[in-house]
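Shared between the two complexes below is chain A, which has chain B as its partner in the first and chain C in the second.
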Partner chain A sequence: MLRYTFYRLIQGFITVWFIATATFTAMHMIPGDPLTSEKAMTAEIRANLEAKYGLDKPVGEQYLIYLKNIASGDFGISFTQKNREVNDIIREHFPVSATLGLLAILFAATGGVLFGALTALFRNRAPDYAIMFFVILGISVPGFVVAALGQLSLVNINAFLGFTVLPVGGWGTVAHMILPAMVLGLGTMAYLTRLMRSSMLEIVNSDFIRTARAKGLPATRVFSKHQLRNASLPVVTVLGPAIAGITTGGFVVEYVFAIPGLGRYFVQAVQQTDYTVIMGTTVFYGAFLVFMVIAVDLVYGFIDPRVRLK
Partner chain B sequence: MTVAMRHLSAPDLTPVHTEQVRDVLTRPSLSYWQDAWIRLKANRRALVSLWIVVGLLVFTLIGPLMWRVDPATQDLDQLSQPPGVDRTATLVAPPVTWSGEALTDEEATGLRAIGRADTQAVRLHWDPMPEATGGYRVYRNLFPVGPEKAYGLPLLMNMEKTWYEDRLDLRPTTYYYSVAPLDESGEHAGEVQTIELNLNRVITIDEARKRGLIGDEETPAPGATVELKLHPLGTDYLGRDLFARLMHGAQVSLFIGMVAPMLFVAFGILYGATAGFIGGAVDAVMMRFADFVVALPFLLFMILFKFIFQVEAGESGIMPMLVALVILSWPATSRLVRGQILQIREEGYIGASRLLGAKTNYLILRHMIPNTMGVILVTLTFAVPSAIFTEAFLSFIGMGVAPPTPSWGSMCNEGIKTMLTTPHELIFPAVLISITVLAFNLLGDGLRDALDARMRSRE
Partner chain C sequence: MADVTVDESSFARAAGRQLLIYGLLTLIGFTAIMFGLNVMASFVGSDTGSSKAIDASTKSITLALRDEPPQLDSTKATDAISGQILGHVMEGLLRQDAQNKIQAGVAETWEITPEGATFHLRPDALWSDGKPVTAHDFVFSWRTVVDPKTASEYAFIMYFVKNAEAINLGTLPITELGVTGLDDRTLRVEFERPLSFFEKVVAFKTFLPIREDFYKQTKGRYGADTHEMLYNGPFRVTSWVHGASLKVVKSEHYWRRDEIKLNSINWAYMTSDPNATFNFFKDGKIAVAGLSADSLANAMEQRWQIKQFQEGVVFFLEFNQRPDRLTRNLNLRKALQLVNDPSEVVNKVTKLPGYLVSDSLFPVYLDGVKDKFKVEKPPKQIVRDVAAARRHLELAKQELGLKEIPPLALLSDDTPTANVMAEYYQGLFRDTLGLELRIDKQIFKQRLAKMTSGEFDLVTAGWGPDYEDLLTFGDLFASWNLNNRGRYASAEYDRQVRIVQSSMDQVERVEAFAKMQDLIIDDAVILFNYERGASYVTHPQIKGIVRRVIGSDPDFSYAWIDEGQG
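Moving on, here comes the complex of A and B:
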């Protein structure tokens, strides 16, 4: 296990280095340089600015400085918002995105396991068909449409009831988080429900279920203790990729619900061509996703020892 | 005893034809693809999806030839027009200025509309309110005021007069006008009066002539009606025909959705097959590289690529997106193909074929490629909806195709801004995206069941 952990961590660091290099290369392929947009600049000011941001050095040296800064956790200063460090931006906006994402994951995982178990329990009966219909809908309807429709129906519900059940946008209280988190988790929940259903149906026919039944265990106990427990295992494996999906899905949800998260900030930075913020957030998000996937894999290794042998 | 001899001729000596009745246990042999096609035809959902896909292609490719409306032309008489509304407009004389006169003989009291309320002008008049020490404020809203006291857009601030003429961007719909008396500090000082007005669509004769709705020689009297241009699915907020935009948007969305998967699947096959064939250290290095590309945060890099290519004004931004999709999406296919190749290489029939003297080329063409084709086709079908999703997502956050090029995603982005008043601008592209993605997903499920026994879903 220790060896496996070590191997995965090393692999993770190399991947982050690859992401950082790819981002650096990508940013240096852009025509022009970060100072092109600045208006009417004398040669001296330009030279000063270039010296300040290290743009006058050869690309190789810039790359080394960039790697050194990342290694020490310093992403530099924003190009468009003077005197604002990228670290500050991440520190301020990432917790918002993370809270939203965490809620969405919780919602998706509980909903997925619950509905998946229900569909398997009521296989080929009305509840199964009803849930699977919504699952197919959840997979086919793009997240931003769900977000827009969710907001639209909330407006109508608020208008119909005559008081504000939940706020339609913004951020701050728990009430602000509920609808965005549900919308954000919906796609993943649909996917998890489908996965849970097939995993439940597969396990029904396995030997240990038959043994449990043969020993005379009550059906409820077989279902809860043996079937449900083992069927939820695959759900843990896809949580890693699900975190990635939910993080990027957050861009849209943050945009629609006017939530001050890092995703919205990233999109804004791209629109303003804010070099350091783009590079910083990409590397930060990339590292976050890579290590989340590794963490989920390691946790899975604890839950299911068979994985460690691979 | 004499035995009667019969004369025997040649036909009598031919063997008796015996009809042997045997159970025929064979059926005509089916090729892999015939078998798959039969399975697919038996799957109702997949077949319906296939027809939907065909229908979408017709809509995309033949539709613009039938409905020859430019998706960029603006119809300024019909902005944000929902589908199926009355298109008639009443011809009126050019507007005359009004200064609130000739009103006292009206019997109605309180807030009331003077004359006809139409899209040319709405004339409001109200009785002086004693509490209005600081004048009045007029609001206009598209929704009933309701308990939240949402009066809408303030049109007139702190004016002393008791009449108001609204000529600001009027649409043929229902408006809720409110007049609030104000105190000296500009706060509401008393009861707010609200009136609901249904506006008729009107057009001046000059404008109608300019737009070609009436001929140059015709001089119709005011009060006659004309038919405005037909927009079967309505228009968007700039007055562009939604039907035409949906069809042209489909070209963009489906182009990216189908061409990008074909390209990256092709590249993935090449890469994966090369790695699988050569094997050894080359294989290890190639697959490690694929692992790293997989680990790149996909949408983040899609956005970065958009940034690198720097779409110039007048370009659609389709090509950069296509290239970025191909660069980032190939590893999944290459892994799959490599796995298949490695697996097939060890199969008994490959060994048998080799024993019979088959050359490598023959093995590749006769065994390897046909046997991976099924899996590849399934991958391709599932790659289409995810590419469509990616395009829609990027266009939605404004990182995809550049305006005015329509795509379903960018149409949703525009539609969401007006979703409270004219939801059709959001609903049509959203429904089309959903149907397309659903159809490709179900078709993919059907193909997987039909083509690949191992991946068959358990339902």
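Moving on, here comes the complex of A and C:
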């Protein structure tokens, strides 16, 4: 197990290095750089600026400096927010994205498992059809539409009731988190419901269920110990990437609900060609994703003992 | 599942019950987590939940910001949002009043001669820590702006000060800058060249004071956070949660504090989503909201009073006149100019509220001699004439020795408005002239990079003012201006620019500007599109919001709450 963990961690480091390299290359290939601005500047001023930010050095040397800085955990200073360090930006805004993301994934995972099990139990009956209708909606309607609709409905509900049920946006209390987390988790929940449903249906027909029921185990025990537990394995598998995906992909929700998450800085950095923030956020997110995948693989071993043997 | 013999419905019922129990447990779990998060959230977030749009009892208002100010370091700030906040928390030598007239700020009195200016600072101008604002604070910040090491994008605006340009280019030390503190309360500025609109420029954010001892103590983080900055304006920042909120309260040290009526302004939301902002307004959370085309209709249904404001930014298509480009040919440009109809662009294509049809390089708000410039010197009108356009196109083909004009490249932004515009022009030129346009869509910075390197035939461009004078638009097409990215070069145009730069006689200057306005049309330098405007709604109780093209906009420092309303 230890060896396996070590091996996976090495793999992870290589992946992150690859992400850093690919981002660095892509970033330097697009036209323009962080110094490109609406106001044109003379060659002398530009040269001064390039020297200040180390952009006058050959790209290869810049790359080595970047790698060295990243290895020591220093992502540098933002080009657009000129007096702020990228480390500060990540430290201040990632917890917000992470809180929102975790809440969303919690909501998605529990909802997915419960609704998936429900649809499988009542296959081809009213609850199944009703839930699957919403699942299709949840998968096909893009997040920004759901977010805008959700917010608009909340405005109307608040106006109708004459008091604030839930705040329409902003950040600070749990009340602020509920709707954005639900919106953010909706797509994943729909996906997990479908996954859970098919995996439940597959298991209902397997031999060990038939044995369990044949030997007269109570229905509740067959259902929770044998069906539910085994059927939720695929859900756990996709959970790792889903956590990373939701935590890093909350940009639209953060934008609509005015939430100070990292997503805004990530997207803006790309638009502004802010080299240091692009590198910082991408490498950070990349490392986070890789770490989540590894973590899930290790957790998998606890749920399914067979995995540990390999 | 025919082989399963156990009664299916009873199994489903039992399992369903079990599922219900799990569901309830989950709900309890969620509540517990929420509670835990609530405790945690009080450490990271800002308190935005309880605030109302307007609170008359505490004289405070809540607003939304379009974006996070990148920094409040006035030597580096370039964007409108930093400018807005700085306008509330800082004050320069001179300030703009509610009618946008120049008034005394930190300077009580001042004298201007063609060689320079002397400012006498008021004794009661204080920093937020109670110490007086001195002439040295201006000397320090101005030197910092032109210091090449600061790399300020707005350094050029100080080039009228003696030696500023040379220092900025690194050929003179910063101590050579023509600004000196004769004593703590007397500031002497020497000019490189006389400036007819000097007073307006000095009110600009780049000229704000910074206290040296405090600046040095922040170790490069000046203006990055609440406590890493000193304030000398009507308000001071009391909390700034990055990306979330920024709150200012009335400063007890400000010399005009009795005239400031609001006790606090809380920008409690930061989002650039116009629909979200509109929803906050509808929900009674913020006092002002900008309108998009969608929310404008909604606001009209609600019968809210809608206000409009011209932002003074002109948008146009600029031709590339580099020697290797077909668009260097005047007849080709004329042909395109004669089919261009800006009113169609504004009314049928972009359809954005508050946008004006543009017919000149100069926006409507700029002053001439006595009246607005465009009232005194109305530009020539171009009427769409497809037949004439085709004649020009034939001439162009002959001159260029081409049977057909190959597709022209239109460099465009990747925004919804730019997209519909690009497609509109593609259709227009094809239908009227049989000309093809190849659309090159790029995000903002990449468009700028390609504009600068000249990789386009036409480009969707815009220009906003840096200071309150016609020159901020006029010198854009001077042959030496680096922002003249289409490289239009005309000896006559350059001559007029030199006149307006050196003359102190406004009548003569306005004549020259009128000639420049004509040349832009005669030489078909750009195709006019629109002048950007904004529509917005305000809470009926809030009065005295000042909108301005240059400076702090919107400015709430002159605002008050009128309880008799709404």
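Note that the second predicted complex is superposed on the first by the 287 of 310 C-alpha atoms of A that agree within 3 Å, B and C clash if a C-alpha of one lies under 4 Å from a C-alpha of the other, contacts with A are read in each partner's own complex, and residues count from 1 in each chain.
Here, contacts are C-beta pairs under 8 Å (C-beta built on N, C-alpha and C of every residue); 3 or more make two chains touch, one makes a residue touch a chain.
Source: prediction; values computed, not measured.
K.L.:
Give one word, clash or fit, describing how chain B and chain C relate on chain A after superposing.
P.N.:
Once both complexes are aligned on chain A, chain B and chain C clash.
K.L.:
Going by the contact rule set out at the top, does A:Ala117 touch chain B (first), chain C (second), both, or neither?
P.N.:
Only chain C; A:Ala117 stays clear of chain B.
K.L.:
Quick check for you: in the superposed arrangement, does A:Ile10 touch first (chain B), second (chain C), both or neither?
P.N.:
A:Ile10 contacts neither chain B nor chain C.
K.L.:
More residues of chain A are touched by which chain, chain B or chain C?
P.N.:
Tallying touched residues of chain A, the top partner is C.
K.L.:
Looking at the overlay, what does A:Pro142 touch: chain B (first), chain C (second), both, or neither?
P.N.:
A:Pro142 contacts chain B only, not chain C.
K.L.:
Is A:Ala175 in contact with chain B, with chain C, with both, or with neither (first, second, both, neither)?
P.N.:
In the superposition, A:Ala175 contacts chain C only.
K.L.:
Just to be sure I read the superposition right, which of the two partners does A:Val165 touch: chain B = first, chain C = second, or both, or neither?
P.N.:
The answer is neither, since A:Val165 touches no partner chain.
K.L.:
Between chain B (first) and chain C (second), which does A:Arg213 come into contact with in this model arrangement: first, second, both, or neither?
P.N.:
In the superposition, A:Arg213 touches chain C alone.
K.L.:
So, A:Tyr255: does it touch chain B (first), chain C (second), both, or neither?
P.N.:
In the superposition, A:Tyr255 contacts both chain B and chain C.
K.L.:
In the overlay, answer first, second, both or neither for which of chain B and chain C A:Ala22 touches.
P.N.:
In the superposed model, A:Ala22 contacts chain B only, not chain C.
K.L.:
Could you look at A:Ile157 and tell me whether it touches chain B, chain C, both or neither (first, second, both, neither)?
P.N.:
neither
K.L.:
Once the complexes are superposed, what residues of chain A are shared between the chain B interface and the chain C interface?
P.N.:
Common to the two interfaces on chain A: residues 30-31, 148, 152, 155, 158-159, 255-256, 270-271, 273.
K.L.:
Please give the residue numbers of chain B that touch chain A in the complex, ascending.
P.N.:
143, 146-148, 291-292, 295-301, 303-308, 310, 385, 389, 392-393, 396-399, 409, 412-413, 416, 419-420, 423, 426, 430, 433-435, 437-438, 441-442, 457-458
K.L.:
Hey, which residues of chain A end up touching chain C in the complex?
P.N.:
Chain A residues touching chain C: 30-33, 36-42, 44-45, 48-49, 52, 80-84, 89, 92-93, 95-96, 99, 103, 106-107, 110, 114, 117-118, 121-122, 148, 151-152, 154-155, 158-159, 164, 167-178, 204-205, 210, 213, 218-220, 222-224, 227, 255-261, 264-265, 270-273.
K.L.:
Write out the stretch or stretches of chain A touching chain B in their complex.
P.N.:
Residues 14-15, 18-19, 22-23, 26-27, 29-31, 136-137, 139-145, 148, 152, 155, 158-159, 162-163, 198, 201-202, 244, 247-248, 251-252, 255-256, 266-267, 270-271, 273, 278, 282, 285-286, 289-290 of chain A touch chain B in their complex.
K.L.:
Considering only the defined contacts, which chain C positions touch chain A in the complex?
P.N.:
Those residues of chain C that touch chain A are 1, 3-4, 6, 10-12, 14-19, 22-23, 26, 29-30, 33-35, 37-38, 40-42, 44-49, 64, 68, 70-71, 73, 76, 78, 148-149, 151, 153-156, 168-170, 220-224, 228, 241-245, 268-273, 275-276, 279-280, 282-283, 285, 442-446, 448-450, 452-453, 481-483, 485.
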